[in-house]
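Two complexes are shown next, each including chain A; its partner changes from chain B in the first to chain C in the second.
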Partner chain A sequence: MLKLLLLLSSLTLPFKAHAYESMIRHGYASCVTCHLSQTGAGLLNSYGKVIAQQFSAFSKMEMPKKSNFSQGLQTRLAHYRSNGQTRNFPMQFDYLAAFQRDKFTIEGTLAKAPKDESNEEESSFAEEIYVRKALVSYELDKENIIQLGRDYIDSGLNLIDHTLFVRRNNKRGVTDFFTILRSSHTLKKNWKVIPTLFMPSFQEFSENQEKGLALKVERFMPEQKWVLALSALGGQTDTLKRREVNISFKKAWKHLVLLGQYGLTHREIRSDDKSFNQRTALLSSRLFPLESLEVYFNWENIDVEDPFLTKATRYGHGLRLKPLSNLSLEYDAKRNTHTGSKFQSIFQIYFNGWFL
Partner chain B sequence: MKTFIALLLLTSLTSCVETGTREDLIFQEAPTIEPGSPDEIITYADIRANILEPFGCINCHSRWANNEEGLLSRVTPGEPFSSPFYLRMEDGSMPLGGPSVDRSRLEYVERFIRQLGENR
Partner chain C sequence: MKFILVTLLAVSSIQASQLRQVIDLNFSVKTNMAGFSFVGKLSEKKSIDQGNTKKLQINPQDLTTEMSLRDEHMREQIFKNKPIIFEGKKDCTQKCILKGKLTISQTTKEVEIPLTQEGDDLFKLTHTISLNAFGITKPEFMGVKVKDNVKVTATLK
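And now, the complex of A and B:
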């Protein structure tokens, strides 16, 4: 069924795209230039659709039709290899839609939970569907936006790989979303401040329903192709309190982008007043020999204090090719040093299709 | 558009999937596993108490993780490096969304699987 949908979509959909943090290479310091969403990813605006065609290897340039209503599919098929074993599974299957009128934007994403082949429990289709995003945005003016609904918390780099230590270990997995009241303020053109009040989405297990405050401050230097960001977050559930600080940067040259993030998370276990720190770090270099080809190398580190002692370093490399504006092929391989893991790699086909 | 909004509302009200990183399980203190004597027989009950419950495996994999027979369907006796149960933890892909299983526990599982090859 999934394959059929992908095939049909790829034959019928004219516009689509993928954007990444490395778009700073072209002077795009912010996501909203190309995306409908403030935090990037998902549906593209008209300008983003043109850019997607421009940066793909074989897509023809066509002008998108203007419409208040946008919708699309985001899917990922994964071929996963680890220690000589292989698995093929649909990693992502999302339906996205957005409606814009005057100063209002309504965005929604319905997602199907990925099914692990090792999980034999039968569940109905309806039980596997959840709302990843349901967000209403109101533009006070070009510099100030207010948002209410369900979404991720914007913290650190918005990298696609949800298994990165800086994401996965900071509650930024694909199913970590919240009910948020967020505003975004652009100050003096090159500063952006994003305060967020967050509450549970009520799709979490009850012990993990978290409420708190988050703040992100970004400084853009478009001419030098630098972006610096500081994010802070404080939240609590019935079982834990956490305080998190992230510092991140992006720096670009013509064919190279460097990305980095350092995160410190302090957690308190509420039942026995124990506390411990977690430090996560990421450095990523991304080379672009062609506009449609990206080669990257990642270094990651995590250090969790006692009593959950974890020290690990992970090296990764990957290659992403964008033959068409609606299609990306990605190979990604990682090696953990802490467990002496032999090798794990993942080959993914990304598809983003926008109905117009 | 109306259909989309209705669908979104309906889904958010009726969705049954409980999601999100299970920090309550990840940061739940489990006793450190002592190396122990190589002769000490490790049983399904030991694996359950030290791995399956503290790391939340049972929450998602109850069908096979809840009983010994099910667990044995995920291991190749005597060969930990051919056993999906060991490999998924060893490569960090499980537990999904949480820190990896520590070295002492991996060695514990390795011993359990090797003993299965020797004793049973």
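And now, the complex of A and C:
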């Protein structure tokens, strides 16, 4: 289980580990005000760096230098306990860089995979390095952007932990990185439309190489502190066809944020014309007694029909403390009621170090 | 600015109905960034001075967007740390246009604000203030720029 967790978390996910849903409490309903990336996460822009200082416990306010080039490190050290097993390991080690010039932005993320304890063969350093993101964006104007390269598909809330939970049950060995052609259109009244054409990353097994179309529509209501989103996806591999719909919401009050997501996926097995549905759900409440402290409670559910009959419900709670603008500490514990497992707990130290 | 308008409205109502207090005052600000706008409020109820002219004064420190850095910038860049003052003379009953002088950032403008009575002793106002009209340069910070129009709503008693 630990091996699977490591592989999934390190190789198949976009690592939107710091989805600062908390920011919607202050009117930041979308990510682009603070992040260089259109889909959020990763490197902060100058404005975002100041805001990060504002919401940490001990950081001093300093104005960042303006530069066309940004780079940083995102690392996670984890202390993991499950069923009597204890292990300390580096869960993530990413190098991020972005270059902006006129209307172009080039983003890249290089990641190092955690060492697989069960693999006795020594792998070279180069074999452990992979490209998590390589994306070129062109700004047609302030409201319309085109992107080409490697990235994940923007769908639902993009919460890493929930994605892990779902993938653990249905998508082993498949990466979530695609070769994409994506555009982003901001319309009047705070509507945003993001159509995506996706192809395989060619890091997948050949039978899992998927191509298709995805669409996300978001409605931001920053003054009311609401975000609503509808995502749809249609894709196919040599063995499967899938159609997926996700609806999600974020709602914030002064010290509380509620998040919810419901997903329905229909899959057809191409070889024998069988089909089955999968339903997933997430509810999360996040309390902010202090700006730098977050306490959260999650409920997640997955229900997959025959022949992959799977039912799982997971409860979790956690605590995140942000002492410095580029450092946060997080404790996270979960229990899966269907497998009858004991609480799995994981203590993680995140480091987001921005250079320049 | 919105605050000032609100204040003006409040003052008129007060004259007409012997109203003496601003119960709440909220303002919303849009920016050039999609999906980012914010709201602010008066942090405490404000009494209206009942002299020959009805006067309402709000100090920038009484206004908050619940984010300290943003509040700091708002007080310095928009209000220049000077009070917002509304002075009104016109009587007003039930539904009317409140007339008076609104001072923001040391610039005074004649304003007219519609006021609507709701309930026996409550008056509501909604008004939009142009920062530009008061000679205020739209605040900009690290590429994020406030839009010119600020919407103000208030309840007076």
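Observations
We take it that the second predicted complex is superposed on the first by the 318 of 356 C-alpha atoms of A that agree within 3 Å, B and C clash if a C-alpha of one lies under 4 Å from a C-alpha of the other, contacts with A are read in each partner's own complex, and residues count from 1 in each chain.
Simple rule for what comes next: contacts are C-beta pairs under 8 Å (C-beta built on N, C-alpha and C of every residue); 3 or more make two chains touch, one makes a residue touch a chain.
Not measured: the values here are computed from a predicted model.
The superposed arrangement places chain B and chain C next to each other on chain A without a clash. In the superposed pair of complexes, A:G235 makes contact with neither chain B nor chain C. After overlaying the two complexes on the shared chain, residue contacts for A:S46 are found with chain C alone; chain B is out of touch.
Once the two complexes are laid over each other on the shared chain, residue contacts for A:G263 go to neither chain B nor chain C.
In the superposed model, A:Q71 lies in contact with chain B only, and not with chain C. In the superposed pair of complexes, A:K254 makes contact with chain C only, with no contact to chain B. Legend: residue contacts after superposition of the two complexes on their common chain; A:P307 is shown touching chain B, with no touch to chain C.
Contact comparison for chain A: of chain B and chain C, B touches the greater number of residues. Minimum C-alpha separation, chain B to chain C, in the superposed model: 23 Å.
Chain A uses no single residue to touch chain B in one structure and chain C in the other.
The residues of chain A lying in touch with chain B in their complex are 69, 71, 80, 82-83, 85, 97, 99, 106, 108, 110, 113, 116, 118-121, 126-131, 134, 150, 168-169, 171, 173, 175-177, 201, 203-205, 207-208, 237-240, 242, 267, 269, 274, 302, 304, 307-310, 312, 336, 338-339, 341-342, 344.
Residues of chain C touching chain A in their complex: 28, 31-39, 65-70, 141-144.
Within the complex, the chain B residues that touch chain A are 1, 4-5, 7-8, 11-12, 14-24, 26-29, 60-64, 74, 81, 84, 87-88, 90-93, 96-97, 99-100, 102-103, 106. Across the complex, chain C is touched by residues 26-30, 32-33, 45-47, 50-51, 54, 61, 142-143, 186, 190, 192, 218, 220, 222-223, 227, 254 of chain A.
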